[in-house]
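Note that the chains are named A, B and C in the order they appear, and that numbering of residues resets to 1 at the start of each chain.
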Amino acid sequence: MLGSCLDRVREASPLVHCITNYVTVNDVANAILAVGASPIMSDEPEEVADITAICDALDLNIGTLNRLTIEGMRRAGARARELGHVVLLDPVGAGASPLRTRTALELLELARPDVVRGNASEVRALALGTTSTHGVDAAAADAVSEQNLDAMVEFAKGFAADVHATVAITGAIDLVADAGRCFVIRNGRPEMSRITGTGCQLSGVICAFVAAARAAAPAAGDVPAATPAAAATPAPAAGDTTVAVAAAVACMGLAGEVGSAHLAPHEGNATLRNRIIDALSHLDGAALDGGERCELR
Amino acid sequence: MLGSCLDRVREASPLVHCITNYVTVNDVANAILAVGASPIMSDEPEEVADITAICDALDLNIGTLNRLTIEGMRRAGARARELGHVVLLDPVGAGASPLRTRTALELLELARPDVVRGNASEVRALALGTTSTHGVDAAAADAVSEQNLDAMVEFAKGFAADVHATVAITGAIDLVADAGRCFVIRNGRPEMSRITGTGCQLSGVICAFVAAARAAAPAAGDVPAATPAAAATPAPAAGDTTVAVAAAVACMGLAGEVGSAHLAPHEGNATLRNRIIDALSHLDGAALDGGERCELR
Amino acid sequence: MLGSCLDRVREASPLVHCITNYVTVNDVANAILAVGASPIMSDEPEEVADITAICDALDLNIGTLNRLTIEGMRRAGARARELGHVVLLDPVGAGASPLRTRTALELLELARPDVVRGNASEVRALALGTTSTHGVDAAAADAVSEQNLDAMVEFAKGFAADVHATVAITGAIDLVADAGRCFVIRNGRPEMSRITGTGCQLSGVICAFVAAARAAAPAAGDVPAATPAAAATPAPAAGDTTVAVAAAVACMGLAGEVGSAHLAPHEGNATLRNRIIDALSHLDGAALDGGERCELR
């Protein structure tokens, strides 16, 4: 079902503007290239509005935010929203410092992202104002498990409704929800959490998938610039954003499975990191259709 | 013919000061190390003049420019020019925003680089003031092909004459031109364009090759600090810059060929990225002489 | 002997706050994860005190310092010291510019690090105020060798006494010294110096080892916040910092040996970089006990 979403990325080759952290930025660029899209990184406040204007999607990742890049995210987010581009917020470390929580909440309001993607602790911090104590990794108590699945599905739908966005909570089990639906995705491998950047890569890849879905939809090209009045209403769905996000999540998880399967005994974390991007560059729609483990609730 | 240029890099081990983007900076450092030179990264305006003074070459790459690093590039460029060091400008994304185009043009004037390296869209943006619409990748319409080769060779020579520099336009076919000569280089593999950083790596490697060529030339060590009057004249060639740039371009392309040849079926983009640097670390002059596909026009 | 230190890292999984350069930051994060700890990167002055408060250790690496990150390092260093956290200073390029030397000396005074790790030129620059001329790599004349070993051991002990810290001077032969003891460690491979980042990774890994050693020691959890009077005295040893540093150094060197042993003939620098992190992710205490080449002087 989800395979056509990947094929569309390779056809449309959308351009993704990334304001993302300097830890995993290379992996983000290479993951976006591997699925057939193109990345451009730019965070200087003076140019971000120009850069985002020539792109199809905007990835806002606060992983190594600073006063300059926060201002860059504000301006890019406002401009991308105005132009009806795809906007994603990745609230890395929300809850780990007041600055991160505050910045993520501000961008949520200002840029009204189409997609919010984070781990369970980060999304919980945005939703409930709680604070995490384990940095950028999800606290065990927050994680989605078979035990708390029903409650987490409801939580994801509720938060999606509150922020008028598709919400992806990723971890051992991934949830992709809007107000009415939640995809529960069981692709992926536990060892993906022991390398940095799989979440950041996924955020960039999601941008590409959603932009390609909209490019394929009839009205995707001509969403009008929002007027102040219209700005209060979420942009009408062009293509199905939630399905496209679910496809990106399944695709990344499947790449982790394929990559992990090719590891020799002496190979470990760093090779897995490479194998995931290798797998992304080889996957096509048919492989995704065959490998997705996705349930709709 | 070009192999001796690589051997000279391994003998001279020049020190290359890089002010480069944070997306591909690790690859740039490792590529410079792989050919036998040493990198140092520094962009803080307060220290760049000191850092560049202990180096042999300066790599100015505007890929993730911001107000601080632009000021760093200005000061480093002015100081390196004053000291007669090798200076290269890599105008990443010129044409994608007014800030990028303006900054690249300013650095061209201020630092009077020995070498300008970019893709066809970037060099065209500098030469003609046109704007690109495809971010940091070359637009298909701009690319050098067998069909437009004669015209592009003339364009490259003309731009080289205008800016008193060696110009490298890299893509499927690479051109390395000064006012009188143009090397057409057909090394490389198409899949190199699907990973980020091969261009940035090449810029760093070119710096090492040109610095080594000058170190091997008799007068290379004692270029006097430019006086305001002398500053208007391009520095006299010590070693052959254009040949050294062509050698670096062929070397990078050949590394891509070697790296690509070693890929297993399940390996893709990320492994190719590693194999290119692996190949750079093994190549020597004899291998480059045997593998170069270089024509002089 | 040293193996239990690695096992403790995997048990305690300490959280390491890194303010580190953007060249090798991804490798630092992945190396910290590979030994079983968790990294968080944050350099914005406004948030570093909050981030460091939820961590166990702080890694201050000046490799690409700028005015903002210097202020971030100051505030994080002061707060981590106040909280009794593990603090490490990695004075990358000290001696290469007055700003680097001055900043490293200032942080040494302000944050009173538990550990200083650098190459011989960097540590010499701190100790003697000399200037290097070879960027971020150690000058050959400074390196520790079998010929100057006795003198370098005395130098390391003397500097450790001066700064009330454990000092790690790493290179072909590694020294880990406090005022009274010096471990001479002969793990590692020469080709590790031809890839960027092994030193930076080691600094991050040392933070994890020392934090885990303290977590395992009875009094580790309740070091009181320093009062101005108490601040003048070095924090009492909880766990043995110098042994933990020696274990981290041997572990990184052994990972280089294991990684190097798995290289195919066509593989080179980039694959070695990956194999080191692969090896870190597989090593356990027993393997470290079996492979350490460590002599106490």
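What we mean here is this: a contact is a pair of C-beta atoms (placed from the backbone, for glycine too) under 8 Å apart; a residue touches a chain by one contact, two chains touch by 3 or more.
Which protein is which chain? UniProt says A, B, C = Hydroxyethylthiazole kinase.
Given the structure is predicted, the values throughout are model-derived calculations rather than measurements.
Participant: Given which chains touch which, is the overall layout a line, a ring, a star, complete, or other?
Facilitator: complete
Participant: Tell me whether chain B (Hydroxyethylthiazole kinase) and chain C (Hydroxyethylthiazole kinase), two copies of the same sequence, contact each other through the same residue numbers or different ones, using over half shared as the line for same.
Facilitator: The interface is built from different residue numbers on each side, given that under half of them are used by both copies.
Participant: Quick one: report the Å distance separating chain B (Hydroxyethylthiazole kinase) from chain C (Hydroxyethylthiazole kinase), using the average Cα coordinate of each chain.
Facilitator: Comparing mean C-alpha positions, chain C (Hydroxyethylthiazole kinase) is 34 Å from chain B (Hydroxyethylthiazole kinase).
Participant: Would you mind pulling out the distance in Å between where the CA atoms of chain A (Hydroxyethylthiazole kinase) average out and where those of chain C (Hydroxyethylthiazole kinase) do?
Facilitator: Result: the chain centres lie 34 Å from each other.
Participant: Check each residue of chain B (Hydroxyethylthiazole kinase) and list the ones that touch at least two other chains.
Facilitator: Within chain B (Hydroxyethylthiazole kinase), the residues that touch at least two other chains are 22, 26, 68, 273-274.
Participant: If you look only at chain A (Hydroxyethylthiazole kinase), which of its residues touch chain C (Hydroxyethylthiazole kinase) in the complex?
Facilitator: On the chain A (Hydroxyethylthiazole kinase) side, the touching residues are 21-24, 26-27, 63-68, 93, 96-100, 132-137, 194-197, 266-271, 273-274.
Participant: Considering only the defined contacts, which chain A (Hydroxyethylthiazole kinase) positions touch chain B (Hydroxyethylthiazole kinase) in the complex?
Facilitator: 15, 22, 25-26, 29-30, 33-34, 38-44, 46-47, 50-51, 54-55, 68, 258, 262, 273-282
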